[in-house]
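Here you go, one structure.
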Amino acid sequence: MVFLTIANLVRVRGPDEFWRKRRIFRLAAHYIGRRRNCYSIAVRNVHRALVYATKARKLKKQDMIDLWNTRITAACEQHNITQFSLKEGLDRANIMLDRKSLSDLACWEPRTFECLAAVAKEKLQLDGFVNYADKKLPTGTELNLRDVMLEHWLKEEKH
Amino acid sequence: MSAAKRVQQWATFARTWHIFDCKWQDPYESANIIKKYLMGQHKPIYHPLNDCGDVVVCINSREIALRGDEWRKRAYFHHTGYPGGASWTLAWELHNKDPTMIIKKAVYRAMKGNLQRRHTMQRLFIYHEENVPEDIMKNVSSQIRQSRLVPTRLDHIPEEEVKQYPKVMDYPKDYVLK
Amino acid sequence: MAMIRASLQKLSRVFHGGQAGILSRLATNLAPVENKSVSEISKDVIAECNQLIEKNASRNFAIVHLLGKQWRVTDGDLLVVEGIWPPNIGDQIKLDKVLLAGTKDFSLIGRPLVQPGLVNVTATIISKGLSHTRTHFKKKRRKQYMRINFARAQQTMLRINAVEITNKINAKASNEC
């Protein structure tokens, strides 16, 4: 490119532009390649990243809830109760632990969780609340699947 | 970390080997059960980033049961990558070619598609019959409960027992059984 | 028929065999199950627990309700509570809403809170400040829509000084007459 006047050599684009671009480049500093060096590419990626970060703050909460549910379900299975009836039993017994603390207990204080499961079972039994899903797949050493299914079937017939 | 803590750590994250009998089980239903054990979702310590999955050994995969007429209707798709390389294999054809394939694909599809999936699949052993190699069988210490009851076939019940079973009536002698 | 009877027996055993919930852990761990009535068992268990409380053998934990969230805390824990909250730096506070407390050997389950004065969870406020800046950025492609906002939430840092089981179970609180 040939510039005849010195004025064309330096295109003044205002003092603001430098700082505006710098803000974006600061956020793109840890990117690799042209994503960090070319403004037009950097700005697209920075905007996309910021949108993701904004959305992810909500998703993170959802992810945590999913994880708690998985853990509680796993622990409930060990004590032969469904998550639904555990919650129902605890609510009826006025024990107001939320999913976060229940999963915490399931992970770190399994003995306490065992008690909670026992309390929920006992309370449901006292209230005469029967959840058929609970009895279907019990854990135990001497239980025969054939008997269990028969029990299930017997109960279904009655009601 | 003290020695006792270290042992506790090993014990917590040690892999358990489970055995699962596929006899008369719906592969897609049992895939959801097997998946849970493979990924470690049956433990309260589960976290997607920690490696707490167990090993599952499936036996009798030749004797799985599909619903309805799915043996005839369900098609498995494969593409070689070349033009005109698409092929559709019916479930019964696939099962004849490789009796472990249906359960394997079912478990693979039951899991979420991420980078971990193929490594998790490495922990699944499938055998089409009851004979499992000794070096694998010696690790197994637990059994996964089947979701369905395996019915007994009439021709597998001893003949004496069938004869002793109380009858409502006898067919007349001149009755022609079709 | 025999099978049906056996299964019914098993059913009835399941229904009558359950022990009292909170006490089951102790009943299985410490006191061997004998032919005692439920009230006797619970008395024994409570006596046993009270002995353990006196010995104060292990570290305790508690689940406390604090600003709409439940926290599992133990001695020396650090909590970061988000949101506007009056206590200032250096304040010693007592967390009263204890939903559950436990030791190595037994756990006390509150319905919904444990007996007031039984568990003492004390905490000190060690710092108050703002969180990191959260950028709230919205953008729609090809729609000339872009919004950016910055938010910082108030954060209070708490140090749990002690989780103590101070009183006996079923004993009267000191302010009670």
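Think of it as A, B and C in the order they're written, each chain with its own count starting at 1.
Definition applied: a residue touches a chain if its C-beta (ideal position, glycine included) is under 8 Å from a C-beta of that chain, and two chains touch if they have at least 3 such contacts.
Predicted, not measured: the structure shown is a model, and the values here were computed from it.
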Chain at maximum distance from chain B, centres defined as averaged CA atoms:
C
Which chain has the mean of its C-alpha atoms lying nearest to the mean of all protein C-alpha atoms shown?
A
Using mean CA coordinates as chain centres, what's the gap between chain A and chain B in Å?
29
Using Cα averages as centroids, what's the distance between chain B and chain C in whole Å?
41
Quick one: chain A and chain C, Cα centre-to-centre, how many Å?
22
Where chain A touches two or more other chains at once, the residues are 146
So which stretches of chain B touch two or more other chains?
none
Partner chain A, residues of chain C touching it in the complex:
3-4, 6-8, 10-11, 15, 18-22, 24-25, 61, 63, 69-72, 99-100, 102, 107, 109-112, 134-139, 146, 148
In the complex, chain A residues that touch chain C
47, 50-51, 53-54, 57, 93-98, 100-101, 104-105, 108-109, 111-112, 114-116, 118-123, 125, 146-147, 150-151, 154
Parts of chain B lying in touch with chain A, wherever the complex brings them together:
41-48, 145-147, 149
Sites on chain A touched by chain B in the complex:
67, 70-75, 77-78, 103, 106-107, 110, 113, 137, 145-146, 149
